[in-house]
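Here come two complexes built around chain A, the first alongside chain B, the second alongside chain C.
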Partner chain A sequence: MSNTANTQKKNGFLAGTANYVDERVGVGGILKEFGRKIFPDHWSFMLGEVALYSFLVLLLSGTFLTFFFQPSMTDVIYDGVYAPLKGAHMSIAYASSLDITFEVRGGLLMRQVHHWSALLFVAAAGLHMLRVFFTGAFRKPREINWVVGFVLFVLGMAAGFTGYSLPDDLLSGNGLRIIDGMIKGVPFIGTGISSLLFGGEFPGHAIVGRLYSLHIMLVPALILVFLAVHLFMLVIHKHTHYSGPGRKDTNVVGYPLMPVYVAKAGGFFFIVFGVIMLIATFFTINPIWNYGGYDPSPVSAGTQPDWYIGWLDGALRLAPTGIEFMIGDYTVSTNILLPLVVSLVFLALVAIYPFVENWVTGDKREHHVLDRPRNAPVRTAIGAAGVMFYAVLWAGASTDLIATNFKMSLNQVLVTMQISLIILPIVAFLVTKRVCLSLQRKDREIAIHGRESGRIVRLPHGEYIEVHEPLDPHDLYKLVDFKDYKPTLARPNAQGKITVAARLRSSLSKFYFEDRIAPATQTEIDEAAHHAHEIEAEVQKAIESSK
Partner chain B sequence: MAQLKRKLNGLRRSPRALVVVLFAGLLVVGSGYTAVQAAVSPSTAVTRSQEQIDLGKRIFLSNCASCHGKNAEGTMNGPSLIGVGEASVDFQVSTGRMPGAASGPQLEVKPVQFTEEQISALAAYVGSLADGPSIPDASYLQANGDSTKGGELFRINCAMCHNAGGAGGALTQGKYAPNLMGSSEKTIYEAMLTGPQNMPVFNDANITPEEKNDIITYLKYLQNNRSVGGDELGNLGPVVEGLVAWLGLLGLIIAITIWLGAKSN
Partner chain C sequence: MSDKSKEIAKQSGAYSDHEYDAGLRVIHEDAVANPGIEPHRVRMTDKSVKHEKNAVRQVAAFFTLSMLGSALALYAYFAFPISEDLTTVRLNTLYLGVGITLGLLGIGIGAVHWAKTLMPDNEVSEERHLTRGSDEKRAAAIEIINLANQESGFSRRKLIRRTLYGSLALFPLPGIILFADLGPSLGDKLRHTAWKQGTRLTKDPYGSPIKASEVTIGSVFHVIPEGLMPGEENYLEEKAKAAVLLVRVDPEILIETEERASWSYQGIVAYSKICTHVGCPVALYEQQTHHLLCPCHQSTFDLVDGCKVIFGPATRSLPQLPISVDAEGYLIAQSDFHEPVGPSFWDRSVQQ
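The block that comes next holds the complex of A and B.
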């Protein structure tokens, strides 16, 4: 009796509270289950985490900004501290952004933190997506989660764009003007949609308030929902891991959430926060005071969107002109429609890729061990081509800066990029595929014959050989543990017919797996080891006899 | 009478009549224009001494004449300088753009080749050939105007080429609008007045001298008050910001993730 009382006393307040909560909410069970979730260690698994943390920073700094920002386009005369705008007409939105910048304590820092973390959020999410793609982490059972992640990426772009337009400065107004033009370029419904969105003719008096609602309510709420789904599925699926001894499709090797990852992740959040703070302190972002309030007449040189919208701006800049045509008295603006269609198709391809690959391989197994990119040469090559396509569009948004800073002709830069947009993805595909196959060949060579030791031995009959050292089993495992698909043939269905889908599937299968390097088998390794032993024996004999 | 009429008709139709009429027309329009021009922009009374003009001519003959012609009448390689005015010479030579090092889409700023005395002699010589915009009066170069109005004028008239922050921008075929963050009051004024190279002329009817002073005031404010938010990243806008976000921000964080990952291995 006294013993029990003693224990309770010793644990004191903390244990009492924990017990109180547990008995009412059942937190213990959740913690026991959730706390034992295993996460493997690898730097590339932290990219999604970086995106998550920068989103948290966005929420924190964004909340601060809402305390002072006024989303109204009513005209005022500025009477703040920034001299070169004193007495100028501007919207309340811009005036309040200037006040946040110059008069609210810590306001400029928070604005810069918010903007830098927005850039980081989309960048980290994009890089995380690339990691997932190139390691094949989107395969069954994670196809749906890939789509959820994709939606998050698009929502990130939407959040960024709606926020970019809020300060109602010249730069953001120019950006909105481009969006307005794109909407108006959509046949038949464009003009109507534009006037619905802007509440009349551009720029109207409604858009900032509307974007504000989207930016602080709808879009972040959607991001939170999809984030929750994304993380929930991550827990359900368990984490993937890289190949290694003891790592299988049926297990996860790593450390538990409690206490290791909670501490690590918590610390890492503050590191990310700290780095954002550091950059936001020392580097200006979006100096709105330079741009002046929005007025539809001026357009500044070097008007660009934030980086994640850059590829769309690039698509507009690279679109060929002079192919517009008329239907009756209606102009079909292909210079706007073409980039619109191309970017939507590109996004759609990204979203559906896991299903395409799954259909081609016909692989219904679960995959929890990640691929090394080289072991899926065609997937890696497709990824490289996609990255290249995106990169050229992206660079296309800065044709003017490339021209001035590298002293080139703007027109030539543009034409070069137009050609590159078609050629470079093909080159990237071919080169990447060859590099992957060569790396696989090298892996196979090393797996079978071991590492080159640099020891050259002359045999008694005059032959020179280099002695190869067998691999450590741990290293060997990584070189031979991968799935190898063979091209499938189109087979007739139950009615004895070869359908068009079957034909397409077999030709895609051929495209994917025609060139392949099979992993070294145990027999091959054993045989090579046997051969190596013979040589070693011969070498030893030669050494013995020379003594 | 009929004969006289026929004779006049004959004269009217003779090919020589065309020349006579053209000449008369040009004479009237030309002298009229000169008279009006002189009335619109009375060039400030410039005192150029004959010595200065002679010195200027000597410098001109040895440095400029190969392209602009012995009498500044222009050749295949360079335009005529008759009537470009002293402001133009002062702008081109005192920024080092002239004498040009090589022909190209645009003449680059480079180290100035002449002393101030030589430049004003050169300007005096070219100015003596015919009237043109003269070097602006110092009262418009004090940067003491209205910077708000100057900023507005700058955004409407200049920002589409020079960028809202004065960082410069690209034009077609290798031409460009230069960065204005190092330009002096006089250079800015003369550039507006003379429209050097690819820049349009903003004459005094278009932007008055007071407004030019406002624009100068605004630009000087930008030059003297660098960003309050830390390093400006060249004032080049979102492209550079994106570059810093990827290479600086994300790069630094990835380096940290690699470090964190390596610790546990």
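The block that comes next holds the complex of A and C.
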């Protein structure tokens, strides 16, 4: 149509391009649907973004590294520029890692960008998970997306570990040695699995190539797929928002995608990338040239795994002495199985938590307004206990460094950790729950009586009071808008029986909600205001009569 | 529910088109009413042209900084090449990194600043809809499934359905079995090492033999069997099993079982260096206490008492290598280890 041509001319290049694309891709409808989609604003919503962007940085820097890295364990004699290793036997993988570092311009920088962004990726994903947990963002309809996110976190650890093992230096080889030892400890199939993984005896000549396939293909492909599902569901559900004036479960309050979020989120990608680049420029990570290629014999005291593997290594260290035992001629390596089972159970509990809480509350409604952590005291306390459990395991991976740096007995440090692993989560639970309840009481107090004005008044009968001023309705609403649950009794079912499940649910509901603090209601606020008015009137009267 | 409580329920999150069970939730009829979105606060850039112009300049300055950074990175790539001198690696990394960092941060900070100061910051509310499809949509979906079922006869034709399940269950199995060739059966490889009767003990990694007379009390040697040379086929696999730690202690304090009395030579004992926990090299020797410590998980072994575990997650003692001396006075192995070395595995104690 000549009409179109005219508009094109009038509006120039941008409109022309838009028209071209729309006529071929139908992008107009997509933009109409999503262009002004509303996103709520809060700093804690950026944690997931950091994870997403560091994954993109991983893809970019990783692709660069694949062009130079050679995943082969064939033995060569090093003849590169790094003098201390000249003439040493090493694998091609290690030699090519050294070449990237010392002979490719920007190679060391890219290696460090890749490693730092991997550390950041897992950290940001973990913090994002904690944010989702502590604000109750996993509640209906987002339970499945929680599980998808959980899988992403595990995949992140898998990507990290497979990558850590590739340079085939002393540290990565030792990491694999530990994995091999753990696998061999699995009853029946351990040695078989170890042979399948390493292509025969440890270390063999296959493992680096195999981990490379997993690291650059399978694991990132899985991450991409789960990421796509994760974000797709985010669009379906629309983002949650914190409770506040105007926020409801039936709306979403924030700023439009275009232009505000395109600028903010797009800009934020560059900020995340820039910060990673800054760290990678100034801070060395994984100096693979220090210890040489892998050799099963040399010492490597005081070495630490990457942070996200620490909790698993700590679990291995904290196993009590001498718990391996024999059944007839067969060895049961409890010292490996126990940490393994504890870690897996911990992960499983994380994965299923939303379903447990939903079963207890029985609340089948959709929840789009986030909880402030204090308003779900038991959930917050459970989360704190879990964080503490993880933290003790994580610190457990550094028992030797703690002992040497603080001049303590290694044995005492380890035994302290073993005890802490049981005790500290319980302490964290109790303290967190009490703190939450106190904060709730404070909120309730302020909501009902208003804020302290600092004005002290003496009444005619001698009493001193501080005058409280009512809150602005917007501020007030933040304090009173939360969901309130109460415990239930175990009720008989249609057959007149009280099932075990009903009993369990009843006691769990008691565990969750018996100490509940109800939100201040309008009636309570009105009554308090009425009372305040009476006092105010009395004060005024006293002032009048004294004149 | 009364009309009022319905209204409150709606305000607190129930939808009009579908009623979900609220479970244990307490719906307060006299809950505080939602006052609606807070009034918009006007920014300086909204009301003052001067501030607006300033903000525009700042955003442009950040974008310009980015351009300069990228240019610096390009310059640095050529201006700071790397050579045999390792300080060039540092300079290359530094200037390239700083340039790229500025290039990225300039764009990022500029864009965010633009959004925060110059784009509208009025909060907008958008309706949400229930995630579930409407009743009509769900009915239509069920209709489609029923129709597909009817047309294919999926429920009706049991024979087809069951054979399909069977074939779907079996078809992945060949795919799985294909992976069996990833690794050979280890056979008895885990039970044997490169040590044989008469193999000389040599220093790791240079391979020079060790005379018993040069091992003074308290000294430690990291040992590999003679003839194990880097670059050979299976060098690392053999070394991962055969690595040994050699220590001489005062024979007086050595606690030896009768069976092993002849395994040491004048207070010189040789133990496998591969931890019985998960296989790290147990290479830290404390001379004063005669303890061997694994640096990975801190399993501690008492060298003078058969390398029994005294602390840490390991359970089994380190295997001992029986040694003696040959005619020239060099230390040799009497035999291989008498048990598999390294981490535990399920059938390690089964006699073959």
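FYI, the second predicted complex is superposed on the first by the 539 of 547 C-alpha atoms of A that agree within 3 Å, B and C clash if a C-alpha of one lies under 4 Å from a C-alpha of the other, contacts with A are read in each partner's own complex, and residues count from 1 in each chain.
The rule is simple: a contact is a pair of C-beta atoms (placed from the backbone, for glycine too) under 8 Å apart; a residue touches a chain by one contact, two chains touch by 3 or more.
These figures come from a predicted structure and were not determined experimentally.
When the two structures are aligned on the shared chain, A:116 is found in touch with chain B, with no touch to chain C. In the overlay built on the shared chain, the residue A:102 is in contact with chain B and with chain C. Residue contacts after overlaying the shared chain place A:510 against neither chain B nor chain C.
Chain A has more of its residues touched by C than by the other of chain B and chain C. In the superposition on chain A, contact of A:410 is made with both chain B and chain C. In the superposition on chain A, contact is made by A:273 with chain C only, not with chain B.
Contact with chain B, but none with chain C, is seen for A:85 once the two complexes are overlaid on the shared chain.
Judged by the document's definition of touching, chain A residues 101-102, 108, 112, 255, 264, 268, 271-272, 275, 280-282, 295, 297-303, 399-400, 410-411 lie at the interface with chain B and also at the interface with chain C. Remark: chain C residues 10-15, 20-26, 28, 30-38, 77, 81-84, 86, 89, 92-94, 96-98, 100-105, 107-112, 114-116, 119-121, 123-128, 130-131, 179-180, 182-186, 189-190, 204-205, 222, 224, 230-231, 234-237, 239-241, 243, 273-275, 277-281, 283-284, 295-298, 309-316, 342-351 touch chain A in the complex.
By the touch criterion given at the top, residues 41-44, 46-47, 50, 83-88, 101-102, 108, 112, 115-116, 119-120, 123-124, 127, 170-171, 255, 264, 268, 271-272, 275-276, 279-287, 290-292, 295, 297-307, 310, 397-401, 403-404, 407-412 of chain A touch chain B in their complex. By the touch criterion given at the top, residues 105, 147-148, 150-152, 155-156, 159-165, 167-174, 176-177, 218, 221-222, 227-233, 235-246, 248-250, 252-254, 256-258, 260-262, 264-265 of chain B touch chain A in their complex.
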